[in-house]
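In the two assemblies presented below, chain A is common to both, partnered first by chain B and then by chain C.
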Partner chain A sequence: MTRHGAAGRIPRPLYVPAALGLALLLLPIVGLVARADWSRMPAAITSVEALDALGLSLRTGLAATAVCLVVGIPLALVIARSGPRVGGFLRALTTLPLVLPPMVGGIALLYLLGRNGLAGAYLDLAFGIRLPFTTTAVVIAQAFVALPFLVISLEGALRSAGTRFEAVAATLGAGRWRIFWQITLPLVAPGLVAGTVLCFARALGEFGATALFAGNAQGVTRTMPLAIYTAFNGAGVGQDSAVALSLLLVAVAIVILLLMRGWRPEVKL
Partner chain B sequence: MAVTVLLSGCAAHGDENHPPSQVTVFAAASLTDVFEELSHAFTAENPGITVKTVYDGSSTLAAQLTEGASADVFASADPATMDRVVKAGLVHGTPQPFATNTLEIAVAPGNPHGVKGLNDLGDANLAVVTCAAQVPCGAASVAVLARAGVDLIPVSEEQNVKAVVTKVALGEADAGLVYTTDVRAAGGRIDGVAIDGAGSVANRYLIGRLAPATDDGTTATADAFVRFVLSAPGQTLLADAGFGAP
Partner chain C sequence: MAGAAVGAPALEAQVRVRRGDFVLDAAVRVEPGEVLAVLGPNGSGKSTLLATLAGLIVPEEGMVSVFGRPLTLVAGGAASVRVPAERRGVGLLGQDALLFPHLSAAANVAFGRRAQGARKAAALQVAVDWLEAVGLPDYAGRRPHELSGGQQQRVAIARALAARPDVLLLDEPMGALDVQTAVLIRDLLREQLRANGTSAVVVTHDVLDAMVLADRIAILHDGRIVDEGAVATVLGRPRNAFIAALAGVNLVQGRAASDGALETDDGRRFAGRAPVAVAAGALLAGAFRPSAVALVAAPAAAGHANCWRTTVTSLDAAAGGIRLVTSDGVAAELPAAEVARVGLRAGAEVWLQVTPADITLWEG
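Moving on to the complex of A and B:
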């Protein structure tokens, strides 16, 4: 084999760990499907508990994603347009929740926004607002863990898009807002969509911060992951519905991935 | 003592080509503090043996066991949960009752909301946390509330009783239903309000030695640990922690 022939090819032995990696990712899902009791599936998925949990998860996930978009797009823009030192510092701060275990996030949120928390005590005294055990708490917990996914992927897209087109638009007399809406955002649309989807998926899967900060009450704070955990702790039939709910979440995830792929072909940079 | 005698025989065998014996105990969350004491007392009597304890809601532990988690002893907070592990064929012999426990209302120290009994928990302004009905403390909560005819919508249903204690101790919840022993173990972080007639729905704790697929020599140690829990010194520690006699 010539040196030229080896270009772009990977050493053959590497296929083995690659296949192992793929198996590690996919075989657990196979195990889940194998365990499913398909005859009980319709009843488990359409039970009040399951529908409450799915509805709550979708609503809170969408709300958290909306929150992330409102604060995340400007944050990504600020990081991308800052100098290397400030940008790097801000990026590190943004990544922190990403590397923290979500449980730690839940405890941190509790000590900030709980009834005796730094800000929570004040919220309770001044406005009578109590966040723990509310659906709002679920949205806050989800936004906390999901925001970095949006900011990091969007910030990457913003930096690779550069500022050339913005500079041209500015010389042609476009104002800052017009450049933002008509140049910057359309240029990074693929990155924005990918980041939004990741952000929504992460919000849907949020468990640890929600369990500690928001609690676990049906229809109020019991999202899909908490419903799965609660069902799994129950007796035999309960565990069947844990499997059914898990598969439902897998199906939702697959739909999200398909939606994301659906966007990709339009991308031309 | 019988325990020591039996174990010295086992340890002599183990000294030759085995590391010091270890026994893994899965125990209900409500047993956390007292099982730490029991383990220390047990290892003090049987040097060379390590007791590895895992605490969680009984139901979580039962689910882990039936899915193949490896443990030598299981102590559950109610017979129903133990039954799931027995039905899976994982328990050697018949599980033994070793303690009972009753529910109390956990409140912030000093009882700022003046909770006097279960009827006060129906107040919509009180944030009340209970265990989920799937776990023993939750099943007991449902029973005790039904008996009192109190309709309660908890702001959160936790997966184990220690999580209820924490939510009340942090002040996030105004009240919670926990075991009498949890109030005592919390050492002043929460106060307890007795529930009328709670004794009639007391939890019965069962302990069973698990039957491993292949005996690697730990079953004798595990049997000894179970006997220690049932022995007079073990029962004294349980009584000191506030547990009732089996």
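Moving on to the complex of A and C:
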């Protein structure tokens, strides 16, 4: 396991496609930065529309992440501790929103929770609750597309951590809840943090399902991606604003990645 | 512990477990403060027995009780009592230390007390005392990955004992350690088990573990306990070739001759250190160490006691020389130079001899 020896084993020609791959990922952002009109940037970013969109995105993104944590951690645990057949089946179900185009997800949500939907009609009749085109709908749409990212990464971490430490904790007298909080979760903390960050990033970037299920009303459902789309299409503030908002999202993403790298488990005595 | 009955054994179990074709059918009993070693080769059912005692496997039929408190009771295929691991009061120490990697050494040791409801400060104080007892007074704040394998196992011992289990189960506790470290950890375990009066079951395939740690020994073979008793008796006077092999001695069985020597069915004669007062024709058994066997030239007279002709079936390197096994099942350890001088190969015919002083004979 020598560090310097590893690089020598890659066939040299492979560096070319590797560099191309990196360029494919990075050059568009360079293009975005190059197109930016820096003099008008402050005004574009601090406009009411932009601040509304940023605030709404952060609020809904955090809410969706919280929802994902509350249901995603138990779901990951159930999948990880199930047998290979049940676990595999549940894992496939969980992955479904990941491979589904978000637009399809939005339509599906509409037919489930819309005013004439399977559950929506009942919610309206019984409680007077109408979800579509509300901020709650944004959170639901974001949670729908973001949940798999949390569950899949956490489930992998749980499975590789195994149950041996939990068995030891039980023989020391720890009950299920104590084991869950003090052994299971801390053991998968790196996977949990990575999954949460991915989940939040995916919620922030969510567009398709939100557009169909929640609509595009400023301050209510117009999150950053929708604001960028709206601006780019000429309505409202124009393409310069779209670029400025995009760069703002890039900045948020970079901050998230830096936070993730900076995170280390702390020593407990 | 609640419900402890006065005079009840620390551990009493009678279990039958089926795993595919393998059946474990064993009964064990440990008196308070006693250490029982369950000795057997791989595949004899040791780990299955331990997992059943720990409550990780539910037996097909049987019971496990600790100080008179029933922990597992399965009769007629129905489990009427099944106390979960965290309420059994049965500790487990395996060959891997399995220290919680996100907790310091002290927090690992304090974990059991915390789970039992102790305050943090009190539990940490207990942990610091325990770390001192296992020879790691300055390691309280260290994380497991900063400790060597032997240090990790020391912390694991402290963690297991600090939780004050009614019974401690040890599963090959020295199995993952190098030889020098194993010696130190074995001594530490002996010292701590004695000092705390811990009732324990240690399963191992290493006869040294049994000799150092245990008061009593049970031999497990193919899922059944084939012998049980004081360590010196079971290993010193092995009941069959299997136990003799575990104990590292040769076993010969036969009948008493008129002069008190042992005569085997194939005509070999073994005179022992002291004659056994039995009638001629009574069943006799004898044991001698492989290192007591010597290579000799053909004796002048046939029927010479303690000297016999045999065929070498295998040769192996062993500590201090060459270990050879003969067609009659006797193992001999000879100096390498002597084996080389004679030019021994598998299939060679040799004369072997054991002096009477090296043979213990007993009736049975």
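What we mean here is this: the second predicted complex is superposed on the first by the 252 of 269 C-alpha atoms of A that agree within 3 Å, B and C clash if a C-alpha of one lies under 4 Å from a C-alpha of the other, contacts with A are read in each partner's own complex, and residues count from 1 in each chain.
Throughout what follows, a residue touches a chain if its C-beta (ideal position, glycine included) is under 8 Å from a C-beta of that chain, and two chains touch if they have at least 3 such contacts.
Just so you know, these numbers come straight off a predicted model, no measurement behind them.
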item: Touching partner for A:L100 - first (chain B), second (chain C), both, neither; value: neither
item: Which superposed partner A:R178 touches (first chain B, second chain C, both, neither); value: second
item: First, second, both or neither for A:A189, with chain B first and chain C second; value: second
item: First, second, both or neither for A:L123, with chain B first and chain C second; value: neither
item: First (chain B), second (chain C), both or neither touched by A:A169; value: second
item: Chain A partner contacts - residues on chain B that touch it in the complex; value: 57, 59-60, 63, 80, 84, 127, 129, 132, 134-135, 153-159, 167, 170-173
item: Residue ranges of chain A in contact with chain C within the complex; value: 164-165, 167-176, 178, 182-183, 186-187, 189, 265, 267-269
item: Touching residues (chain side chain C, partner chain A) in the complex; value: 54, 56, 84-92, 96, 98, 100-104, 106-107, 111-112, 115-116, 124, 140-141, 143, 159-160, 163, 165
item: Contact footprint of chain B on chain A as seen in their complex; value: 110, 114-116, 130, 132-133, 214-218, 220-222, 229-236, 238-239
